[in-house]
Structure formats: C-alpha cells, structure tokens
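The structures come next, written out as structure tokens.
Presented sequentially are two complexes of chain A, the first with chain B as partner and the second with chain C.
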Partner chain A sequence: MSNVLEQPLSILESSPETAADFPAWFRDRQAAAWSRFQDTPAPTRRDETWRFSSIKQLDFSGYSTAIEVPEDTGSLIERSQGLESRSARFIFVNDTLIEIESKLPEAVICLPLAEALLTHGDLVKEHFMQQETRLGSAKWAALHEAQLTNGLFVHVPDNVEVEGTIEVYHWIAGEKSAVFPHTLIVTGANAKVRVIDYFKSENEEDAGLCLAFNDLYAGPGSKLDYLAIQAVNENSKVLSINETGVARDATAKSFVLNVGASWARNESLSRLDGEGSRSDMLSVSIPARTQEYDQRTFQHHVSPGAYSDLLYKNTLYDKARTIFSGLIFVDEGAHRTDAYQTCRNLFMSSDAEANSMPGLEINADDVKCSHGSTSSQIADEEIFYLQARGIDPVRARQLIARGFSVEVIERLEDEKVEALVLGFVDEKFARIATGGA
Partner chain B sequence: MSLVITDLHAQLEDGTEILKGVSLEIPAGEVHAIMGPNGSGKSTLSKVIAGHEGYEVTSGTVTLDGEDILEMGIDERSRAGVFLAFQYPAEVPGVSNANFIRAALQARLPEGQELDAVAYYKELYAKMDLLEMDRKFTGRAVNEGFSGGEKKRNEILQMMMLDPSYCILDETDSGLDIDALKIVAKGVNAMRSESRGMLLITHYQRLLDYIKPDHVHVMAEGRIVKSGGADLALELEANGYDFLKEAATA
Partner chain C sequence: MSYDSSTTLDSETKEAIDIDRTSGDFKFPERHKYDAGRGLNERTVDYISDVKKDPDWVREFRQKALKVFNEKPMPTNWATEDLNNIDFDIIRYYLSDGERPKRSWDEVPEEVLKTFDRLGIPEQERAFLAGVEAQYDSEAAYSNMKEELSKQGVIFVTSAEGLKEHEEIFRPYFGKVIPTGDNKFSALNSAVFSGGSFIYIPKGVKLKQPLQAYFRINSENFGQFERTLIIADEGSEVMYMEGCTAPKFETATLHSAVVELVALKGAKIQYVTVQNWSSNVFNLVTKRGLAMEDAEVRWIDCNIGSRLTMKYPGVIMKGERARGEVISIALANSGQHQDTGAKMIHAANNTTSNVVSKSISVGEGRSTYRGQVHIPKHLKGCKNNTECDALLINTKSRTDTYPAITVKGNDHATQHEASVSQVSEEMLFYMQQRGIDEGHAMSLAVNGFINDLVREFPMEYSVELKRLIDLEMEGSVG
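Coming up: the complex of A and B.
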C-alpha cells in the first residue's frame, strides 16, 4: 500500500481532453489553443499591459481541474440566492452543472455550453472567442480556451425581450481547484437580456483559481446588460477577460464588482462596431488587507457616431493595491465619437496604493473624448457633518465610502439589481469593520 | 435645564485666538440670538460647541444640563442633544437623504434595536410637507446639487427629525429668499417648546422678524459685548454695528 497521494495534474501540464461528443471544430480549437498557450511566453512586468502588476500572481502551477465536486451540492444551491425575479438560474460547481431552472421564452436559447455545442454547434462556432485578446492575457485566454469544459450560451433572437435576469453561479470547491467559466451572450436585433455571473467559493479557506471569459455580442438595436460579481474567498485568484461587441444602435452595459480574491485581474474590451452604438463600462472594487485588483480596459471606437462611457471606482482599505490602465482608441474615420473614461480612487488608508494610467488615442476628427483619474480621501468636513448628526466616525466613513460606490451602482438603472449589488458591498464593509477583507 | 457657556476661549491650530471668553446661558424654553459683524466669532462659537476639530478650546466650559460636553466626541454631543444647523452644510455624494437621516436616528437607538422604517418614513414625509419639500429629496444624495435654500430647509428637516434639546442655527437665513425664509422660520417656530433651548446666529435682523427671540446678544472680537431683549436687534438694524467702534475708541 502506498501512502503517496496521487497529485492531480496541473492545468499547466494537462493537455485538454475535449469531450468525445463535442464537434470536431471545437476539438481543433482546443488543441490549437493548447499549443498557443504553450508557445506564448509568460508576461513580464516590462510588458506595458502588465505594468505595476504583481507578476508572481501568475504562477498557476498546482491548480487542477480534477478536483471533485463536493457530495452535498444542496447547500450550494441553497446559497445561490440572487434576485427574487429571475428568469433562469444555472449553478456550476467546478464547472460541473448541478442545477438548471428556466422560465425563459422558448425562442431564447439559454443552455450550458456543453449542451449548446451539441445542439447549436454552428451558432456557438460563429461567436466563440472570435477576437484577439489584446490587453495582456493572450496566454491565459489560450489556456482558458484549451481547458474549458462548460459555461453558458445565451442567444436571444430578434425582437425578443427577456424579462427578469439570467443568473449564473460559478462555485469553486476544493483546495487548488481551477475553474474556467465561459459566458457567451448573443442578442439579435432589438432583443434585450440581462445576465449576472456570480463567482464564489464553496468555503473561506480553499485556494481556488478562476480563469473566466465572457464574450458579449449586442446585435443591432439590442440591449445587453452583463454583471460579474466577483466574491470568491480571500485565498483565491481570479483572472477574467471580457470582450464586448456593440452593433448599430445597440447598448451594452457591463459591470464588474470586485469584493473577493487575494488577486483579481479584469481585462475588458468594448468594441463600438456600429453607428449609434453605446457601451457603458462600470466597475466597483473594494479591496482591503492585501487584496490586489488589476484592471485593464479598452474602448475601441471602430464606427463613427458611437458612445462609450467608462466609470471605475476603487475604495482602498489597509494595504490594498489597485491598478487601472485604460485606453480609448478611436479608429481612423470614427468621426463624431463620444468617449469618456474615469477612474476614481478613494483611500481609506494611507498604506494603500492605487496606480492609474488613463489613455487616449484619437485618429479621427470631430470627436468628444475625455479621460481622467482622481484619488482622494474622505474630506474632514464630510465626516464632521455626519458626526454632528450623531453618527459615530467609523459608521460615518463607511456611509461615505458606500456612497462613493453607489454613484456607479445607480447606473445599473434597476432598483432590484442595484439592491443586490449593494448587498455584496454591505457584506464587504461588514467584513472590513471586523478586521476582515 | 440649560446650555451654559462659561468663559470659553478657543483658538485655531495656528494659535490665533478666536473666542476670547464667551459666557452665555440658554435655558430650555428660551430662544436667544447672537448678532455681530463678520469675523466676530459667531460661527466659531457654534462649531466649537459642536466639537469641530479645527479649533482648540484653551479654557472655559460648555455644559448641557450640567454635563460637560467638551469632553465628548462630536457624535456624542449630537446624541446628547445638541444640534447645529450648518451655514454651509457638506454634500455627501451617493448617500440618500432618507438613508442619512435614518442612520442618524439609528445611531440614537440602543445596540441591536432597529428603527421602525414605516413609522420613520411617515414622520419624515410629515415634516417634509411642513417644510414644503418635494418627496424627491428623500432619494437625492445629501445636499448634492441642492440650492442654498434647499440646503437650509434640509438642515431644518434634520433638526425636526432628530428632536434635539438645544438647537444652534448658524446663519440659517443667509442665501434665503423671503419665501424660503418664511418656510424655514415656520419649521423653527414649530420646534419652539418649553423643553428646548435655541440659539440663532445671524448677521441680519431679518430672520428675527420671523423667529422672535427672547434675548439678543451682540458678539464682537470673540466676546459677548452687549445683551438685551428683542428690541436690541431692531436697534442694531437701525444703527448698525458702529457703536462697537465707538465703544472700542472710547
């Protein structure tokens, strides 16, 4: 009898095992992605897209996809409570689907990716990871593509408006467990949908890794809202890549909340493909203790007459660290572009560090663009005012910090969704108040 | 029962003395007014009583029904029953007015006891109606984008909701047109009671046409230099503060 435990193979060493019944094109894509992953050099801090990053966080060896799903999935289903009025809910644990419920109209395709590959292979193929990852994580996007086994595929046909919200839970369970959640949303002309991805840990201790990818295609005149709630435990890492294409007269809104993880990196790219298109890129991050959030964004104005507006807010406690690097890029001929980019940092501690690198590159005429970054602390007069109303200084600072985030959250323009997000924000503040993160 | 200020001296961080021995007693049930030229220390007095950290009290006492409040933190003084209506209220982005006032009321409840939300909103709306404030002010961020008059009304709203035992109103009339002034005065007069003391700080007599004080004090160069009845305000209005110069040169 051997007492050597068998170590599951690391995600960096195990070549992809595409499921036998998946289409051939997908198998080819995964094999090609695996080669690309292996051939692509790891980033260094000298790369512009990794400036100020903690490159050591990119050591993903030791994480594995072979960690078993816990036997008691009932409690995870129990804990997957979001909005009261959802139109569908999908719950994954370690990328394994454990629960589906759906009240969606029949015309809407909303399926686990593993199923969609079998039933709507061509439709998936048309949209699956079509863009080049350009914000630094090409290597990790390749790893994601090679290793992914499931996710969610949503296709809302022309003129269909989905009432309520599609909620997707991605639980990570087990020490050194790696997950590769993939969300692909396609809206037809004048369609409407909202999807929320939740990233959470089964317990507070096990160090997990989440390499997530979400790909959004807003068809002409459609309205696509996407929220990512990152609330994994404090020992886990998250790298998420978002790519959004916005067609003529379409509106895409993406929102990222960062409250969990020891380290999280978000890359978000919005491509304004059509006249009259609009993209709102929103984020709220509240890092504490030694948490680090690294965000890179790209507002790509391909078409003339499009609008993009980015607002990222960071509230930094303790020795937290944030990095924001954003670029507005206006293509030649993309006249009458309206593009805005703002990153604001609120320091709740003098030991925190925020790095901001706003950027602008304009190759067209007649554009309205602005970009800026500010850092501030809570003004003494504000605290005095709240205290003069009997509110103790700790609570006063918390209220003001919450208000700082509320200004972004209000842009979700849906009371119930705003309340949901605020629930996570309040939970975070409560943890901070008791010395946690 | 009274708010008693005795020989109060206070200075700025740089050592400049602003209050040079202020003594004043405001018994419950009375309305006092302090008038005086700009720079006389009127607003400083209100901030020192509220506990503003920009001033250092070098000597003297302030007691609330016998209790020394200078030893208390800013928020404790408020909970003990002192209310300062600010001349320039701070803006608090992202915090709705309703949530702000609710937090202030919640802070007065014992640990573990939750404010009754239904009763709270009922009371809030009743007071807002009295102050002719639109309901939309409950959802708007505290003072953000409010006009001068809206901010002052909002101060009075908070005062009414928190029901303090002593109210200090710092230049509440400044920036108000006559209609707004009447509404604010209505709110303040509604709060006059046997159990509450009030101190109005004002540069002009105008406010006192609408809120009639029991006593008027004149402050100059950090001291109360003259006290009298409501008539004193009229006298000042007619003759200005020139008598102060005469007194100084005499």
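Coming up: the complex of A and C.
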C-alpha cells in the first residue's frame, strides 16, 4: 500500500489507532469515544455554555497528530526548567515521551499513561474519564478520549506524602500539530501530592492545538495540588478540561495560569463528594493583543458540609477578551454548604472586553453562598500615590497589575511554587511592555 | 434546621398561602359579547382587529407579529421547560363585553364593579390616586383621571384609544422600545394585544399622585395581553402602579404584557408592579424603558403570585447621564417559579444603573435571578451596581442566579454581588429569648431582609406588602 496523501489526516478525520498492546477495555473506550465525537453536534451560539464564545475558534480541521518530533530534543529538555526541588520530571513532545526522571518513593505510581495502561490497567480503568463533561465540551472530550496516546498517571497510596513537586512538560512542535495531554491523579487516604503541567510551544510561530484533559481524585483526608501553566505561543489554541472529585476531609487545590495562546478555553469542574471536603479553584489570566480566554467553572456540592472557594482574576490589555461563566450548584440535601465564587477583571486598555456570568443554583437551605464579579481600571489616585513616591506611571501600573495577580498566587501557599508562577507572570508583563503579548 | 424538620409544617405553610390568595380568588360567570374563540391563527388576529376597529397600520402590525411569533422557538435553551406546558391552542385570546371603558364607577357593570370593589380599587382611587384604569379580561372597564390633570394636558387612556386618538404621539414610540421580534412573547403580545394604558405627560408636568392600572382575569383559559406605553416629555415626572390578580382555575392561564416607557430629556418615570396572580398563571412579560439625557427610569417590582413569572425589566440609557434602576422583590412559594431579573443597556457616556434584587423561596418554591449588564466600548464613565440576595426558608426551597455582565473598555466600573442565606437559628433564638414566638420571629427576620426595598414602594403598597409577607410566612415555622 502506498501513501498517496501528502497531508497527514486531520484529527477530525482519522479514527483512533489504539496501540496493539493496550488493554481491550481501552480500545473499546477509544472506539466508543470516536463515534460519540462524530455523533455529538458541534456547539452553537444558542448553547448557554457557549454564550459570548467565539464559536469560530472551534474549527480544529487541519490539525494532525502525525507531526514528527523534532530531532533536537536536547534543547527542549534544556528548556524544561521549573522548580529546583522537583521529585519527578516528565517531558513530552507531541505526546511522545522524551525524558523521564524520578526520585519518588517506591510506593508511588507515577508513570506515563501508556505504560500504566499495561502495568496498572485496572487502577487506570477505575478512574479514567468517569465523569460526564457538562460545561459544553462533551464533543471535544470525546475527541480527546479517542485520540489520546499518552499522558501521566499518578497514584499516591494511603498515608504517603510526596515531598517536592511532580513536573510534566507538554511541548507542541511543528505547524498544525495537535496534542492530547492527559493527566490522571489519584490520591489515597491522607496522601499528599503536587503536580504541575506545563503547556508550551517549541517555537513562537507554529500554530498548534492542545486538547488537554485532567482528572483529579482526592481520596479521604488527602491533599492534592494541581497547577496548569498555559504558555503556548500566540498562534496556538488550547482547550483544557479539568474534573476534580474531592472525598471526605480532602483538600484539592487547582490553579490555572493563562499567559499564552491565541485562544484558550478552560472548563473546570469540582465535585465535593464528602463531608469536610474542600476545593480551591484559582486562576490568573493576563491576555493581551487579541488573545481570548474563555473560562467555565462548576462547583458541585454533592455532599453536605463541604467548602469551595473560587477566585479568578483577569488583567486585560489591548484588545483582549475574556469570558467567565461560573456556577455554584448545591444539590438537594447538601446542607451546611459554604461556597464562594469571585471573578475580577482589571482593565488596562479601553479596547478590552470582559464578560462575566457568575451563577448560583441552590437546592438546599442552610447554606452560605456568595458570588461577586467586578470590572474596573486602576484608579488615578493609586497611580498618583506611587508617583508621589518617585515611581513613574508606567511602572506604577505594572506594579498594581502584578499585585492584583499576586493575591491569587499567594493562595498557593508555597513560596517556591509562588515564585515559579510569578516568573511566568513577570515574563508576560515584560513582553507586554515591549509590545508583545 | 429544626423548624422544618416535619412535613406537617409544609401543609401549614400551604394553608398560610391559601389565606392570602382568597382576597383575589373569586370569579363571576362569563358574559362576553365578543369572544375570539380558542387557538391562534390569522383569523383570530383579524377578528380582534375587526372588533377593535383597528386602523390598517395596526392590522398589518398584528399580522406581521403573528408570523414572527410562529417562527420563533420557545427560549427553552436557557429558560425552564415548563414553558412547553403552555397550550396555545386552548387559550382564548380575546374576550370582552364590547363596552367602552366607563368614566364613572356607577356605570360599570355590577359584577365588574363588585370585582374591583372587593379588590379595593375605587377606595384606593379616592384615597391617593391621580387616575385609575381597571382592566377586566381583554378590555378596560373603567378609566378615569382627575380633571385638573387633563387640563394640564396629561393623557391617560387605553392603548386602543391612544393609537386612534393620539396617533401622532403614540405611533412614533409604539413598538420601538420593544420591537415585535424581541422575544417570542413580545411577538405574541404584538399580534393580539388588547387593553393596557397609553400615558403622555407633557413637558414639565410633575404628577404628585400616582396613576394606577389594575389587571383582572376573570375567565378560564384566558390570555391577557395588555400593552402599555408611557411617554414622559422633557422634565416631567410620573409614577405608575399596576396590580394584578386572577381567581384560581383548574387550568393554566396566560398573561403576556408588553410595557414600553419613554423618558425624554430630564424626565422621571417610576413604574411600580405588585403582581399577585394565582398560582396557575403563566406571567411572561416584557418591560423596557428608554431613558434620554438626564432622564431616569425606575422599575419597582414585586412578584408574589403566578405559577411561572419570567420578567426582566430593562432600561436602555440612551442619553448622557441617564439613569436606570430595578428594585425587585420576589417571593416563590411551593409550585411557583419566580424567574425575574433586570437588563441594563448602557448606550451613552456617564450613564449609571443599579439593580437590587431580593428573593425569598418558601416550601418548594424556586426563585431565579437573571441579569444582563452591557457596556460597549466606545463609552466612558458608565457605572453599574448589581446586588442579589436570596433567602431560603425551607429545606426544599431553591434559588438560582445567572447574571451576565459585558464590559468593554477601561473607563467603567461594574460590580456584582450575590448572596444566599437562611434565617439563622441564632437570630430566631435571640428573638425567642425576648418573648417573641418563632413564627413572629421568622416573619420579622424576613421583613427585615426586604425592609430596605419595601420602603421604595409607595406607602400604601409597602403596608400591604408587609401584610402579604406576614401572611405568607405564617405557619412556615413550627
């Protein structure tokens, strides 16, 4: 058989090729997901979950998974520098694993998903994409499920606390390259772990596509921190779906930083499954030029006596556009719920646009819920105050904008991680100051 | 919580609701000379035009609207599925006795007079109103205004009279604030509208007393579609109040009004609604005001009754420094869904808007706030403040909030805040300790929750409101 096609098949046309040695259940899941993807209609503007969205951004035709990994992976490994005290590092380029290092205790399972499917198939099966995607991207979640080839699987057994951070790099290389990063983290009772996903582009030009999915299960009394650093180049698109389940007395903290991409959509769902569970949903986004960030969140209080707190902050430059749509959903019987949701927009330009839809659906009484959303600019008084202390207005504005984001970043409660995130924030501000985005 | 742990309390709650409803729950036999029959098609619309002797432009307007209504889908992509339970084919779209509205209560047919007497309308008119219009099914039975006002040039007539006798003022604004195609129910109203008021306040005239309209449904399966247009000319001021009731029927009844307000330069319009429909009425109303330079439009809205209310009063601030405000109280009892909110469209510099919404959900009631704030980018100095607070009384009570805020540009300030809470046990305990029984304590707490908004209503209404809330709350606590 000869290959007559010059162009590789796009991700919308090529049915999944599940690796031969993967378990049968996984093959079935991929096949089912592929037909679900094909059967699910594309979203329209009439869908509430896509209100204010740029539907045209959902044209994913032409992207392919068949783009070759660049030969010089050494430089990418070189550029994959995060925290000094990491406990493990995984580097993927176009979903191909190129580097692995680990100082993790033996009891912890931390493997590329492709390997975990072979060695811990049942454990993966138990947790792999068990939730219905309800924030609008069911079709794209199905595409992700059908096309994914690798990712990371972390399982921390009961009473094991992982020191340091597991870092995962997802590089996108080549024009029209599509990646499907998948991160599945499961913590046992009273376990503790922190994972950072980095999404980056190999160069500043090639238009890539990242359809990422992360599934987090915080077992009883455990602590799970998850960070997603989205810093792909400005020609690329990102759609990421997060689903978090929090069991009794567990704490899950998720943080999303958006500085890259021409268009990025984040869908984050936290499900409070047990008494005393807690979920912190945090995000900092700094769009500039024509960047557009579309964030949809869901705080689902299934169990009584749980706590969730969401804080999203956007600093908008140039013609940037943001959409925030959040919902606190309190199930019948989920009494003694404490749920908070705040989205704040700081305008740095008169051409930017922010859309906020902070929502509540409460089906229980004896709850404490509130949401707030604000939009404003930096007051002249604030600039004046700093000017009076010898700081020029440009620098003053930068300082205030930085402080605005820092309020969220401090909630990470780890100095080194905070410094890491601030590094990306400062880099973005520096690019904006020199006319980039 | 302790006070709703047993189911018997719920039936007590129900009883309390029943007590309140009785004031409006009575009906008289139907006597209609004109009846457009059941269902809606081109002939129904023609029939209405014939009976009302519509001018040609109105006839055309209606037929066009009917097409739009038929083409538009139900907005169930965001609204409740309960809308699909409206059977447009069994509804009666026009019922009247063919009489012109009377200027004196003595001339009003006995049964109609008895109806409004029981509702206390003539009494209120004597006490504090500048004018009253009382609508019975499709048409106004009574319409009168204090003589000195007509001398000042104030017009207060039915919409039918408005479009015929005052076409030169009526027509340029009619359907302009709320175009036919705004939504499915504004299209429906545009096709079959009947009744409602037309008000014109001349330049500089400031009405000291409010004008009032009262809408009464007496017939089963009836659809009431009044259409109101209020134009306040430069520097004038007016307060308009409307009340609504219907008896309890076995089947659903539809009320779908369109209300357009135009406040010209420096004018002030306050529109007060106390809606107390019985719990089988679908109340789907479109209300919007246009505020020109330095003008102010305020919607003061209280929704206590109906099965489903969908109402989002809006203000388009078209002139500089225009101001829009929505003050809203909703009380949703078992079997009720109060889906209310506000729409603030900033279309000029330095415009400000304020939305304060408080809802109380009792029993299995559900209250929803839906809001839209829109500030486009070429503007400067716009401000919006939105506050929505919800109070949940029982374990099965429900509340939702869905605001949408779009801000373009950096010279604006918006803030939105919402909270959900219940009456805390500490609060009840505190009052009980001082010798107030739990029922009264609950009532006090609820009244405290809405007190700052109740004060926005005219005195007579605020007393009435407090009494209504007291009644509704009676028995909701053990």
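To be clear about the criterion, the second predicted complex is superposed on the first by the 432 of 437 C-alpha atoms of A that agree within 3 Å, B and C clash if a C-alpha of one lies under 4 Å from a C-alpha of the other, contacts with A are read in each partner's own complex, and residues count from 1 in each chain.
Definition applied: contacts are C-beta pairs under 8 Å (C-beta built on N, C-alpha and C of every residue); 3 or more make two chains touch, one makes a residue touch a chain.
On a predicted model such as this, the values are computed, not experimentally measured, just so you know.
Undergrad: Fit or clash for chain B plus chain C once both are placed on chain A?
TA: Result for chain B and chain C: fit.
Undergrad: Using the touch criterion from the header, give the chain among chain B and chain C with more contacted residues in chain A.
TA: Comparing chain B with chain C, the partner touching more chain A residues is C.
Undergrad: Output check: A:N159 vs chain B and chain C. Expected answer is one of first, second, both, neither. What do you get?
TA: Neither chain B nor chain C is touched by A:N159.
Undergrad: In the overlay, answer first, second, both or neither for which of chain B and chain C A:E353 touches.
TA: In the superposition, A:E353 touches chain C alone.
Undergrad: Using the superposed model, give me the angle at chain A's CA centre between the CA centres of chain B and chain C, as a multiple of 10 °.
TA: 80
Undergrad: After lining up the shared chain so the two structures overlap, which partner does A:G403 touch, if you call chain B first and chain C second: first, second, both or neither?
TA: First partner only, chain B.
Undergrad: Would you sort A:N203 into first (chain B), second (chain C), both or neither based on which partner it touches?
TA: After superposition on chain A, A:N203 lies in contact with neither partner.
Undergrad: With the two complexes superposed on chain A, say which partner A:S376 touches: chain B (first), chain C (second), both, or neither.
TA: After superposing on A, A:S376 lies in contact with chain C but is clear of chain B.
Undergrad: Pick one for A:Q81: touches chain B only (first), chain C only (second), both, or neither.
TA: The answer is neither, since A:Q81 touches no partner chain.
Undergrad: For A:R389, is the partner it touches chain B (first), chain C (second), both, or none of the two (neither)?
TA: A:R389 sits against chain B, while chain C stays out of touch.
Undergrad: With both complexes overlaid on chain A, what's the closest CA-to-CA approach of chain B to chain C, in Å?
TA: 16
Undergrad: Using the superposition on A, tell me which residues of chain A are in contact with chain B and, in the other complex, with chain C.
TA: Shared contact residues on chain A (touching chain B in one complex, chain C in the other): none at all.
Undergrad: Could you pull out which chain A residues touch chain C in their complex?
TA: Touch list, chain A to chain C: 46-48, 51-52, 332-333, 335, 345, 347-377.
Undergrad: Under the stated contact criterion, what part of chain B meets chain A in this complex?
TA: Of all residues in chain B, those touching chain A are 50-54, 73-75, 77-79, 84, 86, 89-95, 99-101, 103-104, 107-108, 141, 158, 162.
Undergrad: Where on chain C is chain A touching in the complex?
TA: Those in contact with chain A are residues 1, 4, 77-78, 377, 390, 392-422.
Undergrad: For chain A, which residues are in contact with chain B within the complex?
TA: So the residues of chain A in touch with chain B come to 379-382, 384-393, 395-396, 399-400, 402-407, 410.
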